[in-house]
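Heads up, the next two complexes both have chain A, just with different partners, chain B and then chain C.
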Partner chain A sequence: MNYPQLFLTTLPELIVVLGMFVALGFDYTKYKELDPQTRSNKVAALSTIALMLGLAGVVWQFLQVTDGSKTFSNSFNGQVVLTPLTLWFKGLIFVLALFVVQFAKTDVPNKHVSEYFGLILLSTLGMGFLITAQNLIMLFVSIELISLSLYGLTAFQTDKKFSVEAGIKYFTIGGVSSAFLLFGLSYLFGATNELSFEGITAAITSGAAPQNYVLIASAFLVVGLGFKIAAAPFHLWAPDTYQCGPVPVAAWVASGSKIASFFLLVQLFGPVLETSEQKETLIAGIVLVSVLSMVLGNIGALRQSCVKRLLAYSSIAHAGYILIGLVAANEDGSISVLFYAVIYSLATLGAFATIGIIDSRLGREAQIDDFNGTWKQNPGLSILFMIFILSLAGIPPLSGFFGKFYLFMAAIGSQPEIASWSEGFYWLVAVALLMSAVSLFYYVKVLKAFLVSADTPKLPSIQITKAEGAGLLLLAVLVVYLGIYPTGLVEFIAASLG
Partner chain B sequence: MTIGLNEFLVVSGLLFTIGFVGLLIRRNTLVLFMCLEIMLNGVNVALVAFSQFNGTMDGNLLVFFIITVAAAEVAVGLAILVALFRKRQTVYVQELNALKN
Partner chain C sequence: MTVAFYIMAAIAVLGAVMAIALRNVVHAVFSVLLFFSALAGLFILLLAEFIAVVQVLVYIGSVGILMLFAIMLTTKVTGDPTRKLLSRGWAWGGLVSGALLLAFLVPLITQSKSESNSQLSNFNPSVKDLGLTLMDPYFASVGVIALLLTAGLIAAVVAASSASGE
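Right, the complex of A and B next:
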């Protein structure tokens, strides 16, 4: 074992863990007598410093790897694989965590301040490890690290009536999904006799693995990961978790853990879908999940009056859209899935953060009616919210449109030999387009309340802190920038995947 | 009759199914946690059997990780359950219907 290299490989994570313990230590000793809001600001500052140092570590690793130096060529049997792509996504997770910490600090659910930020940092580490993991052991441990932190975070708002209840629901359903995932992993191991993704892919593509085991494994993996990405019919936990947990946590579940799960989905299923003998059956299964998610998500969102719940159902629908890229089963498909995961999480993080700010100033859950005429009192906040919602809806100048465009083109382009429009995945894309049109209805309903409602404004003028304002602005700029100039990111993903 | 890989897999599948069915029909949250453990143990049996019949140690290694993480998972679950009991004075699933929509 090469210990110096192991140290350098996990340096960003070690820095963040150290920062977490420093924050916990200060909170228990020096800050003990202060009031919760001051403690929260101080602990958030420490967490921010830790995350920034960790991010600097990731950037340093990225520069090393892209320079072609051999520093990180040893991946410890696939436990921590550092490539430009994995490091870029890990950096993105750290950046998103920075945003979440800024949004979380103004409204800490209860007096256990440092534990709250500690759990956010721990889940960040889990997501980072999940992205760099190419080995079943590391995969399992990092998924559990994410899930266990998020269960705790969801149940954190003990003063609110339903937070704990949502937590226990999330825990039970998440536990079942972990069990299904593990059952799939055990059959994957049984079929291939390998724990590293490399060995598993080789065994499956060469046809050495027993096909019936591979099929059982894939079915259970689809169910297990379907829970994690909140795809229908495994979506039952999502609306409650998003609505009743603390809002920054909901934003974090919808953005960070989604990116990590989709990255895993692409890495695990990408090669198998392209070459395995079970390709047809698997694709049929994923198409079914995708259509169900799009239909149930969008129809469910139509009748919601609580904005957080509406966003939860829209996230289910988005999981359906993203699966279309996976169905394409080629490199274009993988690129479009990763690209869409990035822009979706930026937009949804921004939307949830805006709702969180409004919720905390309002002191209760915001309903759509509460936003009537917000434009007049808070023009800045309304414009930012409009950008996020329009990107989620897929309106052309914003990045959401290009994300959907790439997904649908990948699905159609995956079968160049089809003769007419009635074959291939045209019908799937047609369903997706139809459902996008349905989704416009509820997105515009929210925007209408914000922008054009003639009633007197229900919300007073909202003061937002500098950190929140900067975070929202940066997210909106990223959403717009990736819409105007998507090729940079797409080409980077394409170059590093190939 | 010799006991082969398939017999072990049947036992593992049975354990997993018993756990899953238990999750669907039982109403006490504590029993639900036990059902989760049974499902995970079904997975462990499959992994050890595969390891044994494939002639590697890798599966056994994963089993140790599963046992450890399952213990952590139950600790988190019980903590949430205690918080829930303080709030609502119940552990029964049918009484936790405040979120129905």
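Right, the complex of A and C next:
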């Protein structure tokens, strides 16, 4: 083991860990007597600095790797693989974590301020490790790091019954899903006798691995990862977790952990789906999960009055859309999955953050009715929220439209030689389009309350902090920018995947 | 070997079922310990002596004793006899799991007998090798496990200190 090399490879993570311990240390000693809000601001500032330094480390690594210098050629048997693509996504995770910290600092659930930010930072590190992991051991360990931090964060409001209940539900179901995942991984190892993705792919393509073992392993992996991305029928934890946990945490579960999980799905299943002899069985399974997610997610969202729960069901539906790109089982599919994961996360983070701001000022969970006439008092916030929701609904020219477009085109284009509409994935795309139309109903219902309703506004004029305002604005700009100019990111992903 | 495996597996399943089904918490803990010991036996059958020793030391030794201590400090040992232990729809759950087991695992087990196991030939389960493997090629993963334990610790601190009402 080359320890100096390992030090440089994990430098961003080490900086963030150091920052976390500094924040914990200051919070336990020097800030002990201060009131929670001041402490929260100070700890958030420390966390922000740590994340920014970490991000600088990632950018430095990115520049080194794109320069073609051999600084990070050692991947430690696939445990930490630094390529332009993994580093870009790790950087994105760090940026999203920066947003989450800004949104979290105004409304810390209780007096455990530094623990709150510490767990957010630890889950960020887990997501970063998961993205760079191409080794089964590292994969499982980083998934557990993400999950454990998020369980803790969901149950953070220990004085609120529903938060604890959501945390326990998430914990129990997440534990079962981890067991499925580990079982699948152990079969994958048993079949291929390899731990690194590279070796596994080679063993599967060369036919050395027994096919039935690979199929069983993949089935268990679909179940285990299906829980993590909240795809139906493994979605039961999602509505409660999103509704009852602290709102920034819900935003983080819906954005950061989704990106990391989909990145893993592409890395793990991309090669298996392109080559394996059992491809058709596996694709049939994923299609089933995808259709169920789209139907259950969108139908479930129709009857929700709590906005957070509505967004939870919509996230289940979005997991279904993204799986369509995986079904395509080619490079276009992988590109579209990664692209959609990015833009979905940006939009959902923005939407949750807006709801979080409104919730904290309202002092309770916001129902759709509470938004009536918000535009009169808070025009800026309403317009930003409209951008996020319309992007989720997939309205052009926002990025959600192009994301869905790429997903559907990848699925249709994967079988160019089919003769009639009943073959291939035309029917799947048709279901997805139909369900997108259904989803418009509930998205527009929320927007109607925000923008059109003539009722007198229930919400007073909301003062948002500079950090929150800047975060929301930046997210909205990114959502619009990636809609107007999606080719830059798509071409980057395509070039780095190839 | 095979007979020993089935005996151990049967004891493990029995212990696990009893841990859920018994109403007296002390009895349940002892059933869990029975399950742990059977598991240690299974690890020995798999030639994983180190994991078997860890199983005995950590789970039977510390975790079991810890649970007994925790029970000692509580007043109520027997659960509410009026409440049903089985939830609604347990039969469906059992049916589905049984069907999955039959559909997935049984064909696999029957098919796998002929395949030679290449791993067993170069399998050298010494504690020294295990330590070297963990600390040398897999050092990065062990580092992430350290973070994982930190996260667990922080979450436990939050959960425990608020529950005490302080």
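Operating definition for what follows: the second predicted complex is superposed on the first by the 498 of 498 C-alpha atoms of A that agree within 3 Å, B and C clash if a C-alpha of one lies under 4 Å from a C-alpha of the other, contacts with A are read in each partner's own complex, and residues count from 1 in each chain.
We adopt the following convention: a contact is a pair of C-beta atoms (placed from the backbone, for glycine too) under 8 Å apart; a residue touches a chain by one contact, two chains touch by 3 or more.
Being a predicted model, the structure only gives us computed values, none of them experimental.
Shared-chain residue A:Thr83: touches no atom of chain B or chain C. Contacts of A:Asn193 after superposition on the shared chain: both chain B and chain C are touched. In the superposed model, A:Gln5 makes contact with neither chain B nor chain C. Touch criterion met: A:Arg309 reaches chain B, while chain C stays clear of it. Within the superposed three-chain model, A:Leu182 lies in touch with chain B and out of touch with chain C [touch as defined at top]. Once chain A of one complex is fitted onto chain A of the other, the partner contacts of A:Thr205 are absent, as it touches neither chain B nor chain C. After overlaying the two complexes on the shared chain, residue contacts for A:Cys244 are found with chain B alone; chain C is out of touch.
By the touch criterion stated above, A:Phe129 is placed in contact with chain C alone, chain B being left untouched. By the touch criterion defined above, A:Lys161 lies against chain B but remains apart from chain C after alignment on the C-alpha atoms of chain A. When the two complexes are laid over each other on chain A, chain A has residues 137, 141, 144, 148, 151-152, 155, 158, 193 in contact with both chain B and chain C. Interface residues of chain B, counted against chain A in their complex, comprise 12, 16, 19-20, 23, 29, 32-33, 36, 39-40, 42-43, 46-47, 49-50, 54, 56, 58-59, 61-62, 65-66, 69, 72-73, 76-77, 79-81, 83-84, 87-88, 96, 98-99, 101. Here chain A touches chain B in the complex through residues 136-137, 140-141, 144, 148, 151-152, 155, 158, 161-162, 164-169, 171-172, 175-176, 178-179, 182-183, 185-187, 189-190, 193-195, 239-240, 243-244, 309, going by the rule given at the top.
Of all the residues in chain C, the ones that touch chain A in their complex are 104, 107-108, 111-112, 115, 118-119, 136-141, 143-145, 147-148, 150-152, 154-155, 157-159, 161-163. Chain A contributes residues 1, 3, 6, 9-10, 17, 76-77, 79-80, 110, 112, 115, 118-119, 122-123, 125-126, 129, 135, 137-138, 141-142, 144-145, 148-149, 151-152, 155-156, 158-159, 193, 210, 212-213, 216, 219 to its touches with chain C in the complex.
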